[in-house]
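Chains: A, B, C, D, E and F, in written order; residue numbering restarts at 1 for each.
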Amino acid sequence: MQMHEVKRVEIMIEAPMERRLSNALTENGVTGFTILPVLGGSGRSGRWSREGQVSRAGGMVSFICLVRPDRVEKLLDAVFSVLERHIGVVSVSDCEVVRAERF
Amino acid sequence: MQMHEVKRVEIMIEAPMERRLSNALTENGVTGFTILPVLGGSGRSGRWSREGQVSRAGGMVSFICLVRPDRVEKLLDAVFSVLERHIGVVSVSDCEVVRAERF
Amino acid sequence: MQMHEVKRVEIMIEAPMERRLSNALTENGVTGFTILPVLGGSGRSGRWSREGQVSRAGGMVSFICLVRPDRVEKLLDAVFSVLERHIGVVSVSDCEVVRAERF
Amino acid sequence: MTEILGLAADNLISPIILSFALGLLAALARSDLSIPEAVAKGLSIYLLFAIGFKGGAGVAAHGIDARLVGSLVAGLVLSALLPFVAFALLKTLTRLDTLNAAAVAGHYGSISIVTFVAASSVLTGRGIGSEGYMVAVAAVMEAPAILSALWLVARSGKSADIDAGLWREILLNGSIVLLIGAFLIGWITGEEGLAEIESFIVAPFKGVLCLFLLDMGLVAGRGLRQSRGVLGGGAIAFGVLMPLVGSMFGLGAGLLLGLSPGGVVLMMVLAASASYIAVPAAMRVALPEANPAIYLTLSLGVTFPFNLTIGIPIYVAIALALTGG
Amino acid sequence: MTEILGLAADNLISPIILSFALGLLAALARSDLSIPEAVAKGLSIYLLFAIGFKGGAGVAAHGIDARLVGSLVAGLVLSALLPFVAFALLKTLTRLDTLNAAAVAGHYGSISIVTFVAASSVLTGRGIGSEGYMVAVAAVMEAPAILSALWLVARSGKSADIDAGLWREILLNGSIVLLIGAFLIGWITGEEGLAEIESFIVAPFKGVLCLFLLDMGLVAGRGLRQSRGVLGGGAIAFGVLMPLVGSMFGLGAGLLLGLSPGGVVLMMVLAASASYIAVPAAMRVALPEANPAIYLTLSLGVTFPFNLTIGIPIYVAIALALTGG
Amino acid sequence: MTEILGLAADNLISPIILSFALGLLAALARSDLSIPEAVAKGLSIYLLFAIGFKGGAGVAAHGIDARLVGSLVAGLVLSALLPFVAFALLKTLTRLDTLNAAAVAGHYGSISIVTFVAASSVLTGRGIGSEGYMVAVAAVMEAPAILSALWLVARSGKSADIDAGLWREILLNGSIVLLIGAFLIGWITGEEGLAEIESFIVAPFKGVLCLFLLDMGLVAGRGLRQSRGVLGGGAIAFGVLMPLVGSMFGLGAGLLLGLSPGGVVLMMVLAASASYIAVPAAMRVALPEANPAIYLTLSLGVTFPFNLTIGIPIYVAIALALTGG
């Protein structure tokens, strides 16, 4: 099968910021992404787990966006406009997709 | 540690197709995969979130398969036999594993 | 944006081992990781799904750790000290991050 | 007429309807109020178990009825027949293509068990009895409509992806199995069984229904918000007309069978209501090209609220008038 | 004094408090006992729906009261005012910087609905009536405090990230919408509506509250364990003093308005309690640099248990003494 | 004999057993009926809380009993002893290696709290009283069997992975903590506490148990389907014989201690039942090489249904015959 190169951007972000990140992505033309639930984790701000949260104030979610390589820069700008002051992690890796027309 | 190259295939697919994709993979000799829940997302068919779903008709899941590089082609054929008419996204990336005998 | 290379280690492990793996990572200086829930899967020990589990004895979780390349070896040692006798899958891939100081 | 309006007004200010309205408004106002998926599913399991069990216990109490078989057959026929009526109406009122029209039509042959539960609760509230086996009729009406919808598609030359696995999924889907299973348990254990678990399945029933309808309102509201503009005026007219048309078929069947007034109401409700669980899931598998926004919005966003608020009082009024109940 | 102690002791050996203590101890001992997130959310939806509905039905039964508007205004003022009191107290007792002090202060102007529910249940248990509209007062007190906290931050030159979306989130947050919605449903459907769903929202209420407080204990215990050392002695003193100070403001408002003894108690409880749901969520968005471990531990780990165990009996004793109730 | 059969038949057509059967059949027929994990866990928390609380309230009502300590000791001894019996029986009936045989044996020394709850509900239904502290006996029987199983493995030269963390997990596992905690709360608050939350933990208890057993049936059915062929005839025979053998030990202990007829039944049930929550979790950590399909299928797929349907009526009949109850 004919494969096309894209970038896979993975963003761990606090749950209360979910809607804001979705909006920022959409407004910047990134209309394809998937949101995964997160059970817990550990970082500089310590360990946490979903169970210990009494409210949506706690907890994180993980965004996965597949984008064309030339759009990564713009995507990251959008992400950091939201994420800047918040805890969270962003990583980018290479991957290939079959149906390229949609990215 | 001695590392071995494999491919990581990530498939986002509608939840009602989960059983069919599992079966197609197994029938094509791909017996190793992991299924992750998905909270929501956005694509050409618009935005959705798990909360807005009244039934299993909605929602997606994410399959992750680690396979030996020479078996990717067959895996993708199996995936697209199921996925062809459905919405969903398939991506392939490189990674390394330690215990190679199991892939 | 200035990007830095890191490794992305993904570990599928049985749920009852979650606390032990977290501790092993933390004790070995890996203080950044995220834990994702897993719905089901298939491997050499057969197919399973979260629904079929009556207890925390069943089920798996997925750890994602982003680490500096020079720390992967130590991380894998920590992982295998816990995982050795248990079912589970470990894979390592390349990726890039923006804020490198935290890894 | 004034009586119907009075009934409708009475119905509208019940905690059940107002809970639905609260959910609807909250979702339309984009509040983050939400009921966790697992809890909503838990509530629906409770409702299915309770309504099935009480139906079975009812059959145990009043003995089996010669009309049971007739009612089941009527249900099967209605479910298979109504998609053709709906399809014709859709082709008249809307510009939907055959694929989407057939997909929608399938939903209207099948049933909404929550509408059925709400109607039962209205009947109980007004002291109108009904045949316990109507829950079995509800169960048999879930699936045949799917067959009719797929036949409509196949006839037009398009292909539907239908395998043995899908049939198993449709016929053994969780709601049907639980409803029929609880019905049989209620039937077998009878009055005595009912007495044992009455304070679980009878007393708190209406309150649980309120919370469930709150969730239905939330889901319907989110759906309406996301799919604004998907439905034209014709489609919306269909969503209101079709339940009325369907209820007439149900009325005919109920009167022909000689059901009790409450039984006639429930037959009308089953015919009038549209599926939003079993049929959409089947359609995603068999007709992936059909647009879920159309059939879900019609069934859940238009017809469900219509039946809940205006439809049920109308059906009650008509059935009582014609059966002299 | 001995009377207060007797009341406190009585209060301490109720199933509700002991369930909280069980959760707290289990978490501190690192047991893996846990209540699934979805179930805990389901329980809180039940409690909000029930308390709101009963409040509304109470208003329907006793007619609208001239003091309703006054109470709502008093609630708004207390919520906006108390953060300044809390801020001053924090600056005196602790070395928190302005950002964190303001974030904490915001929590103490707002309210904890579970503390309110627990106090209502104590009042019901002792046969003390209260104004049904106090749940509406609770709802209006959720948000104004956030504004005061952000103003305190802005005044000191720091920036708070506050957009229109955040206001919508705060004002239409799920708890407020459900509480007010259920209140209105209870009001509209009145006694009759209450009778319909009484065996769901009245009879099992206290038992559900036990399970919910078990979960609160677990969450508070985990929080305390994870943030050991985060709070100094001054902060802990604040967590115990501030509710007492706040309750005096509530007492003043209640007496001025001429509320019933139960109403005065509830006004004191609202003023004394601190938010751990709405305000922390808003703070994460608007003041991400403020440390959640500080405000959550204070509100959930110190003030909540204090109010639940010692505070409520004190407020009841004082209110009864001063109103002659 | 005919009496036992009559009892068994009576038992078989109760809503509780039929709900289990419904779940089992649905899973075997591959229906997608399922109860969300969170809801199932919520139901089990309810059951543990209710049974523990009622046990404690029972102790408060009837005063402490000289046999309490004896019963606890008997429970500890039975739990530690039965794995050796089970191991010997397994070595006779099956070809399991030492590791797997020891892992299975550990499950049969420990207990199934749902079997205990079902038996309590049968006793309540037939008006047979029992000692409230039997829930404490149940709690102490969870863990010792694990030690025996690990000792059996260590003796054969294999290594078991057992650290301090694991002991904490076993001894403070959620079910034990909740059961003992609720027992203490029931004891402390007594009749009065029970009255406060009776309509939550007593009235709906049996209905909740039905839904929980529906889920147990689903889980057992899925397990049986997935592990078809894992168990040979010898293992299945063990799964039916071992509870009968175990119950005789429980009978002996109960008669020696001079427990009430209901207490003897519960002691038999505890000895006869096998764990499928605490022990499997411990085995995954300590003996990862043992095959979970073997021990889970035996305990959940064979012994649990056996006890639920046939075992309990047998134990009741024997205990009543020998105690003249």
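Some observations on this one:
By definition in this document, a residue touches a chain if its C-beta (ideal position, glycine included) is under 8 Å from a C-beta of that chain, and two chains touch if they have at least 3 such contacts.
A quick note: this is a predicted structure, and the numbers were derived from the prediction, not measured.
Chains that touch both chain A and chain F are the following: C, E. Listing every chain that touches chain A and chain B alike gives C.
Annotation: 19 Å between the Cα-based centres of chain A and chain C. A straight line joining the Cα centres of chain B and chain D is 35 Å long.
Computed centre separation for the pair chain C/chain E is 39 angstrom, with centres defined by C-alpha atoms. With centres taken as mean Cα positions, chain D sits 46 Å from chain C. Shared interface positions of chain E, i.e. residues touching 2 or more other chains, are given as 32, 34, 36-39, 42, 203-204.
Residues of chain B in contact with two or more other chains: 36-37, 47, 56, 93-94. Contacts between chains form some other arrangement here, matching none of path, ring, star or all-to-all. Annotation, chain-chain contacts: A-B, A-C, A-E, B-C, B-D, C-F, D-E, D-F, E-F (touch as defined at the top). By the touch rule above, chain E contacts chain A in their complex via residues 34, 37, 161, 165, 216, 218-219, 222-223, 226, 276-278, 280-281, 283-285, 288-289, 292-293, 296, 300. Note for the complex: chain D touches chain F at residues 36-39, 41-42, 45-46, 49, 53, 168-169, 172-174, 177-178, 181-182, 184-185, 188-189, 193, 196-197, 199-201, 203-204. Residues of chain C that touch chain F in their complex: 14, 16-17, 19-20, 23, 46-48, 50-58, 85-87. Listed in rising order, the residues of chain B touching chain A in the complex are 10, 12, 36-44, 47, 49, 60, 62, 73, 76, 80, 89-94.
Chain contact summary for the complex, chain E toward chain F: residues 13-15, 18-19, 22, 25-26, 29-39, 42, 125, 203-208, 210-211, 214.
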